[in-house]
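Both complexes below contain chain A, partnered by chain B and then by chain C.
Then we have the complex of A and B:
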């Protein structure tokens, strides 16, 4: 028994463990995800993933299959339904099959690991995702990443860098990735695996060859630790955030890889100054943040940027929007400043 | 229509008592339905001449709930007593409690829950919501506890009192404790002990059933005592039980004991 209390005050934002795991597994292009539970768990998540990807200008039908548990399966146990579904899915010859559990399946105690262990020919990987055990959306993401790391094969180092745990549902997922790639390029580094964003099972096999892992944000530290233990790969705990984030990021990455960062940092300082110069027209104006920054870090980042432009933060200032997650890198800051400019020039 | 449920520790004799009670009631002229609510499915065996009848859950598993008909699940046993076994999953998998709920829904749909008396013979412990189903609104309003004078048996009976107390607190609930049946293990002062237990949990001893070899002999002959040896003293005991159940009007909300009180009670009658 886990006996983890569900944080009741977080019930609107902590999310569903299954959805978190699906945001990861559905981004393995040649794999199929089996959701072991009633059809509704799959339908609801399918709609959410489909609608979100449409919103992100990306048309995709997530490869999901439900075991479609009925009351009869609940009474007699759902292992037979899982077994049958797995046989059908494996016959389609996917690169891998991911099996995600649901609340009801863990309530009645189906032995999902046993059923999956009996299959051969295609990797069948279990991701524990019953949400009522106290997990959140992030728990699902982390569980999925750790489970999918099981696809990695022993590898010799290739000197490249993995991106770990991209937020596949966020609108700026590709822009943020591009920004981090830009910074890595400044240090003559290239990306090994986007773990996991639009990759194939085969690409994941080289996960252990990277010299460094860059985590999307610090909530993925347990995953970073797991990968460090398993492959000996060090990690950077998060993407660069805010106006100074890119410079610290370059220094950390260079430090971890034993590279001299000075040239890259100089270039980045120039870019930062150019960005601030580009927004000189709004410098010195009075602003207020709206909506109120959702977390202390978001508030701090917005404040730093405002200060760099000598904006006056007062409650009577013109409201400027602060995004739900802090802007990533100079590109993210630039995007946010464009929105501020629009708000200020109304 | 009278609906009664028998609860008590596993192996205490609920099925033997239920089957003999149903047999006696049917001979008294009542139209009786007995429903075994235990995946072990042996509640009605003595009414069916030793036959383990197909269970509701077996039928649902084999043909799907849509194709099951009343004739597949209701079997007529001794003297016209209608017999149903809920059944359930194989030991160790699935959810037996949900099986009981599904059985009730199906029987409801079939209109099977009719007659003068329905006897629900339920699993030893009310382990989850499913096994409390017979106590819920619309089903048995009279719960009988079957117990011996042994501490573990009284302990189980006391636990069931907690379930009745909880359920009876719900609005509109009419589930009540109707009495305690002592199925004796031939301990000294056993009747007094169980009568005192019944009194302390705010109920009464309905029937003392002495331990008698006739029960084993009847069972070996795949019959109830009522059928196997109607002239025996034991058959008279079961007929008395049937009469008292039909006359009983004392239905209470039980007051379960703490474990210390229960132990002290057992020591008092050692």
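Then we have the complex of A and C:
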């Protein structure tokens, strides 16, 4: 993919709200997402989500329906097309219907809220998106999570932990979840809702019962704040990253839940040392990072790991791959180190 | 009429990009948001540029941004083509007046204007392809970067023309940009869904009978063509296909088949399976409008939505499904062969064809292996 000429403003390449929101809403298994716009917008996203799910070994197809706006609708208004599509979709009796709009709909000024408000029988939830006119990919994710939280009501606590805003388009999404679950288990905690990853509308209703929310990363803090305000649930701002992240994570979660973390931390320190010992054969070698870490945190994490293994970071060092997002937990670090060793042994 | 649902085929903007990005020497600019850019960029695997417009440019006009991108591309050789997406098109901005570049190509092909083939045709028309009566060779058309088989089709048809002593004219749309205006007077096709309409059409190359007929016409239409080596190859390879299918039929029943693809590929698949495997074609669903005369013994209808395709597979319960990875996901444990995009979830490095002799060999080979894998 060629992005030249490079957008001078990073916002330009931040994707569109529609894709971000769809990466959330299509993971509610018993709901249907309606995309109000031309068929192409739905197809593009459907194809992308399909490819991603196949990468993650899921053969299911995302439940997406387009209002199929035509040139005539663009000229005379598309509310009729949305109305007809909603009637068809509601007739299928889904758990909920999520309605997302596109940039062309925002441009022609369709009143999506009015059309959705006239429907009854199943929850019809408008997720604020307007293609690129609504903001970035991340805005779409956050808006969708906040909108879907509307399916839940404050509930009696169940002592469990919610996972908030998993990156559903990420290749390692399930592996990262497994790593966080492993750490929670060390503290005798279990997962309440993966909000939102392969859940049902019924499961979402228990969102407010958790004692803690763990956000996937700090870009979700607005969602964490919203959930704290709505349900009174505190949050941890991100998954544990890098070689030292798991210890900090265990201590933060334990602190938020009033648990003694010492035994879990001891176990984790042992695992960390075992991991470093397993890669002792590459200690002292010269490395450089390729591609250059895309964000400062990624660079810091890669440097920490290299230093822990006494690797020499130098521009003439052999390039080792650095993932787009920092590795999650010790398991993520271990996988990255296997790739480093492969690169160093080539 | 196709139902409103989950569309399985790309929009006109993507079709326009598939056409123009196939020409070396044209820098294609998608004038729209990053969201519109990413899909054709990932589907076509071609260098595309984008204006990545933002909200303020929708409010105050996108001229400055478009000029900035074009200025960056100017002077680097070749022409610049701007494809408008939905919002710039709906705003009705006069793109031509926004830019100083005189030789710019502008294609108004927003997503709401139709499907991929419409955008492809619109873009090709803007290039004003023309015949050069003095130019020798035969044009190859039907090539679209969106087609997983396009590279293999070019290689295969070029090989066959070479065997017949015929140079390749212009390849629509995978050639140097200047070649569109200097096409040879005769054209053969690899995929009628993306026909160029340039030159006298001699015939298609999908399936051995069609190819044989095209060879016959070429022998008459093109001075100096020696079609004997190709016809000999056709006979020999067709015999291999017959032998392999015959061997299959000694142990297995013919499969019941549901085919979903663009009309040209769908009809090729249906005819090939009926002809050599005595397959029962249970359904043919096309992504685009099918031709009036199909030549297959089965109802052919446009089925371009996920719901329609899923219902059809459930109703006809085929042994074998031909389509894209969408159909594969709907087919559970049925045998599957992919012939249209997207073909996700598998590693694809080589360039197999669907057109020409090798195209039929490749297709039948895939079908037999898929069927035997499921029946063993």
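Criterion: the second predicted complex is superposed on the first by the 333 of 346 C-alpha atoms of A that agree within 3 Å, B and C clash if a C-alpha of one lies under 4 Å from a C-alpha of the other, contacts with A are read in each partner's own complex, and residues count from 1 in each chain.
The definition used in the following text is that contacts are C-beta pairs under 8 Å (C-beta built on N, C-alpha and C of every residue); 3 or more make two chains touch, one makes a residue touch a chain.
Values in this document were obtained by computation on a predicted structure and should not be read as measured data.
J.: Quick check for you: in the superposed arrangement, does A:270 touch first (chain B), second (chain C), both or neither?
T.: A:270 sits against neither chain B nor chain C.
J.: Check whether A:85 is in contact with chain B, with chain C, with both or with neither, and answer first, second, both or neither.
T.: In the superposition, A:85 touches chain C alone.
J.: I'd like to know which partner A:50 touches here: chain B for first, chain C for second, both or neither.
T.: A:50: touches chain C, not chain B.
J.: Examine A:108 and indicate which partner it touches, taking first as chain B and second as chain C; both and neither are also allowed.
T.: A:108 contacts both chain B and chain C.
J.: In the superposed arrangement, does A:118 touch chain B (first), chain C (second), both or neither?
T.: neither
J.: Quick one: classify A:71 as touching chain B (first), chain C (second), both or neither.
T.: both
J.: Is A:19 in contact with chain B, with chain C, with both, or with neither (first, second, both, neither)?
T.: second
J.: So which one touches more of the residues on chain A, chain B or chain C?
T.: In the superposed model, C touches more residues of chain A.
J.: Is A:133 in contact with chain B, with chain C, with both, or with neither (first, second, both, neither)?
T.: Only chain C; A:133 stays clear of chain B.
J.: Share the list of chain A residues that count as touching for chain B in one structure and for chain C in the other.
T.: 71, 73-74, 107-108.
J.: Inside the complex, what are the residues of chain B that reach chain A?
T.: Those residues of chain B that touch chain A are 57, 60-61, 64-65, 88-90, 93-96, 98-99, 102.
J.: Could you please specify the touching residues of chain A with respect to chain C in the complex?
T.: Contact set of chain A toward chain C: 1-5, 7, 9, 11-16, 18-19, 37-44, 46-48, 50-51, 54-55, 59-61, 64-71, 73-74, 81, 84-85, 88, 102-104, 107-108, 131-133.
J.: Looking at the complex, which residues from chain C come into contact with chain A?
T.: 4-14, 33-36, 38-39, 41-43, 47-50, 52-55, 58, 68-69, 72-73, 86-87, 90-91, 110-113, 115, 306, 325-326, 328-330, 342, 344-345
J.: Mind listing the chain A positions that touch chain B in their complex?
T.: 71-79, 107-110
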